[in-house]
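Heads up, the next two complexes both have subunit A, just with different partners, subunit B and then subunit C.
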Partner chain A sequence: MKRYFGRKLLVYILTFFIAVTIDWMIPRFMPGNPVDVLMARAGSFAGATELMHDYYTKVFGLDVPLWQQYINFWGALLHGDLGISVYVFPKPVAEVIMDAVPFDIFLLVPSILLSWFAGNWFGAFAARSKRLDNTILPLGYILTATPYMWLAMLLAWTLGIVFEVFPIAGGYSFSLTPTFSWVFISSLFKHWFLPFISLFLVGFGGWAIGMRNMIIYELEADYSHYLEALGAPRKLVRKYAFNNAVLPQLTGLALQLGVIVAGALVTEVVFSYPGIGYLILQAINTRDYFLLQGCFLFIILGVLLANFVIDIAYVLVDPRTRAGMQGESA
Partner chain B sequence: MSLEVENLKVYYQTLRGDVKALDDVTFGLNSGEIMGLAGESGCGKTTLGHSLIRLNPPMKFIEGSVKLNHEELPIWDMEKMNDFRFMKISIIPQYAMNAMNPTRKIGDMVSDLLRSRGLDFSATLPELKRRLEMVKLPSNVLKMYPIELSGGMKQRMVMVISTLMNPSLLIADEITSALDVASQKAVAELLVEFRDQECCNSAIVITHDISILYQIADSIMIMYAGQLAEKASAEAIIHAPRHPYTKLLISSLPKVGIKHTEKRLPGIPGKPPLLLNPPTGCRFRERCPLAYGKCLEAPPFKEVEKGHFVACWKEFEQNA
Partner chain C sequence: MMNLKKNELLYFALRNNKLKVGLAILLFFAVLTVVGPLLTDYPPFDYIGPAAAPPSAEFWFGTTTFGQDVFTQFVHGLKASFLVGIVGGGLGTLLGILIGFIAGYRGGLVDEILNMLTNIVLVIPTLAVLLIIVAYLEVRGLFIESIFIGCTAWPWAARAIRAQTFSLRSRDFVDLARLSGMKSLKVIFTEIAPNMMSYLLLVFILQFGGAVLIAATLDFIGLGPTNAISLGLMMNNAVLWGALILGIWWWFIPPGLAITAIVGALYVTNVGLDEVFNPKLREM
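Moving on to the complex of A and B:
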């Protein structure tokens, strides 16, 4: 057990190191740089521009060779310093991200969990029942094949513009400042609904299809046939099939929860929803090395953490993993 | 008679038409009889075994009747058969290695199964433990997951589960195929012990391995292309077979003391017919060295001697 997790931990640390290195490289190899963006924003005097250019280059630590920048980056990171954002200069990156994260959690946790539960339940229910299979299944395929942004735009157009039921942009009404009041909370919910439902619907289709296929596979497994041959009622056979079919779905769920901090980029962009996804787009547009690095770092940590949790969860729910840990394969 | 099967026809439904895997099969099984069921691949022996307990699509019941202890088995009705399964008729499946739910402890699985049939697990537990002892499994296997057992242990565990309710009829489908020779013998002998201890009344043992049958079976039934060729006592089938197919089959078995580098095993030339559109008349006709005009008519499955049934015109002629 100890050895198993020791090994896993080593792999996670190695993955973290490589991923963070790539994370550092990506923005730096993009054309353009953050100082130019800032200068363009400031504009004006010829002499001053040069001075400010040098000044900012020094402030962001871009005046030293790349290898030195890389080492400085790790040094700062290990001290918990993610740098200063260019996009919302001079706010620290950590603060910018922390402002966005609640919106992601608020949007994605319910949409992922609810679509997972509803999808699995429906998929299991539809499997092997002719009428449902013929109606739910095509619907599921259509939903899951729908690109997020297309469904999002469709919803924004119908419910937002044609029927004017829901607002189509922002995390809350632009005329409000965040307070703990009924008006503000209802505004939050109104702005939350469209991105939520578009994510929910696409996710629902995918989970339902996956579960339906897994259930059929498990119902054809030998242990199901044996139970049937021993006259076990349909309920028991289905229960066993569901318990085994849900295992791969659990991995899928964990992976999705891991990228929560990544936000739902396209959906957030369509609805200008102020989560991490929206931040990433802004960071790219302003060549904000530090914000981009920070966002990706969050994603890396999220994915690794989710994987780790699922490793543990699997050990708890699937005895085959437990047996494997005692053997050489550990 | 413990089991009576009459004119049983079970076809496989395919897009190209019905595959006649069991065509007009009639036989009986005495109380306490272990009957071996042998024949080459695709002759319908597994179909016969399965149709007695779990006849599911693409298998389709066409006609016939099956009586177990003079009670009609509703084999065409998946739901109604549930009353008989496990209690009166049971199966040790070919896939015993994967027959148990991999994510449930064996004891819990048995308990789930018993409870779902309205039985009390704790009342059955002492008997279950006695049976485990009988097959030389420690009683802590009930606290294990199937993956923690070896292949042979799983096989024995499944044998215990299948026979827990002392069924009148046990179908053992290829139970020795996946085992090494030593385990094969042990499992085969267990089957006899089960019968002797009345864990099951009678049994049908489906196998390719006629030598195993010779050791444990009271009688052997040979199938060919979805029909019965011959049924007699194990002794008679091995030493005095009457159907030309049985004769060839037995002569194809290796014998002790003969070096097959010097003397090749004869085998049976040709291939069995496809059952999508089987030829009329005797289905063995085209491979049979004795075939003659009469064979264009299908031979009945007749008793030519007490307890010896055969489906061959030549035999009827000689006995007439």
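Moving on to the complex of A and C:
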């Protein structure tokens, strides 16, 4: 087990290092540097331009050689300093992101977990049951093949505009200020529901199909036939099959994280939901590369953290990793 | 012997409803991609009709808020999806095969290093890399997008193929080939690969579907091709210009529906083929 986590940790550190380096490159290697963007916005006053330019260059720390910028970046990063946003100028990037992160956590964590559990449960239930296999599983194929933003657009259009059941923009009603009151929380919930359900549905279809296929593989494995031959009850055989089928599904979750994050990003864009995804689009449009950098840093951290949680879950469900043997995820 | 086996596969293929339905849908869209552009007289971006007109005899899928013909954009977008699927999915499969075979066959240190590379590519936010690339390529075509998708989508394929190679490596016939002094590459391509052909085909189908979906996502946030229309770009434009609020459903329903149908058909075909190749999965 020590070896298992030791190797994982090495990969995580290396990945973090490479990912952050790529992240660092964003504002520096983009044509049109952030200072020019701010200058263009401020308009030009002859004479003052030169001074302003120097000032902004210093503020963003772009006045030292590249290698020193790189070291400074790591130093600042470890202090939680992500620089200053251009999009909402003197506000620090870290603050802008911190405003958005809660929305992402409340959107992503429930939709990922619920779709995974519900999909697995349902897929296992539907496997080798002719009626469910022919009726509801086709729906699973359709759901998992649906582009995230299209399902979001369909929901926004039908439930939001035609039937006007749910609001389709923002994280809460624009007429409210964030307070801890019933009105505000219910508004929060109403705005959360459509993005959540569209992320949930796409994920659910995929996990249900995956589980159904895995269970069929397992039910045809030698150990299942052996158990059946011994006269074990059908329920017990299915339980063993399920335990084995969960492992690849867990690996699948780790493999799918990137796709899910990208899906959340476009879903947020459709609903103008004020999470990181929406911020990224704003940052791209306003060429706010420091904000972009901060957003990606958060995604990197989030994905690494989620991977780590999955690794721990793997140890819990796969006894082979505990016994020091190489499990499937090795 | 070979003939008999082929006929057996064909026999089960023709009896498999999943495979038939999946292939029929794919064929339909493939034909539409080829024939579609011949049915319209307009270039995809030209303003040719009244603004936001609903579907009619003249404009089959209606027009956009700018008066562009949705049907024309749709059939040209289909072509983009197939291109990205074949090139991007193909490249992803090829890289997955290459890395999976080498890692699984060699094992040891090579395996460790390739495994680490796979894990890193898996976690790195590809969007961040794409943003930097996008900034340097003012004009981007579908081909570049496909290459990019192929270069970032291979990790799961490499993992799966590695595991398969690993289990084949210790078989007697592979040992025999190695003992007879065959070179590693030759062992891989003459002994291991033929035994995994059906599996590799399934990997390609899934990569194809994945590439189409990723392309739709990239196009939707405006990181797609700049000189061509695509289904994702159609949806991007629709959202950007208020198709939702104005109720111009004919603008955003067709592109998403086509992607869903194509990718869904690919997945169903995949499961159908799996049942054909793997006798254990056939429903009796």
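One rule holds in what follows: the second predicted complex is superposed on the first by the 297 of 330 C-alpha atoms of A that agree within 3 Å, B and C clash if a C-alpha of one lies under 4 Å from a C-alpha of the other, contacts with A are read in each partner's own complex, and residues count from 1 in each chain.
As a working rule, a residue touches a chain if its C-beta (ideal position, glycine included) is under 8 Å from a C-beta of that chain, and two chains touch if they have at least 3 such contacts.
Here the structure is a predicted model, which is why all the values come from computation and not from measurement.
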item	value
Clash-or-fit label for the pair subunit B, subunit C on subunit A	fit
Partner chain in contact with A:Met149 - subunit B first, subunit C second, else both or neither	second
Which of subunit B and subunit C A:Glu228 touches, first, second, both or neither	first
Touched partner set for A:Asp318, first subunit B, second subunit C, both or neither	first
Contacts of A:Thr15 with subunit B and subunit C, given as first, second, both or neither	second
Superposed arrangement, angle subtended at the Cα centre of subunit A by subunit B and subunit C, nearest 10 degrees	60
Which superposed partner A:Val93 touches (first subunit B, second subunit C, both, neither)	neither
Touch count on subunit A, higher of subunit B and subunit C	C
Minimum Cα separation, subunit C to subunit B, after superposition on A (Å)	6
Residues of subunit A contacting subunit B in one complex and subunit C in the other	none
Touching residues (chain side subunit C, partner subunit A) in the complex	116, 119-120, 122-129, 131-132, 135-136, 155-156, 159, 163, 209-210, 213-214, 216-217, 220-222, 232, 235, 238-239, 244-245, 247, 249, 252-253, 255-257, 259-264, 266-268, 271, 274, 280-281
Residues on subunit A engaged by subunit C in the complex (per definition of touch)	10-11, 14-15, 18-19, 22-23, 25-26, 29-31, 138, 141-142, 144-151, 153-154, 156-157, 160-162, 168, 209, 213, 216-217, 220, 254-255, 258-259, 261-263, 265-266, 269-270, 280-281, 284, 292, 296, 299-300, 303-304, 307, 328
Subunit A contact footprint on subunit B (complex, rising order)	53-54, 56, 81-87, 90-91, 93, 95, 98-105, 112-113, 116-117, 145, 147-148, 158, 161-162
Contact footprint of subunit B on subunit A as seen in their complex	221-223, 225-233, 235-236, 240, 243-244, 247, 317-320, 323
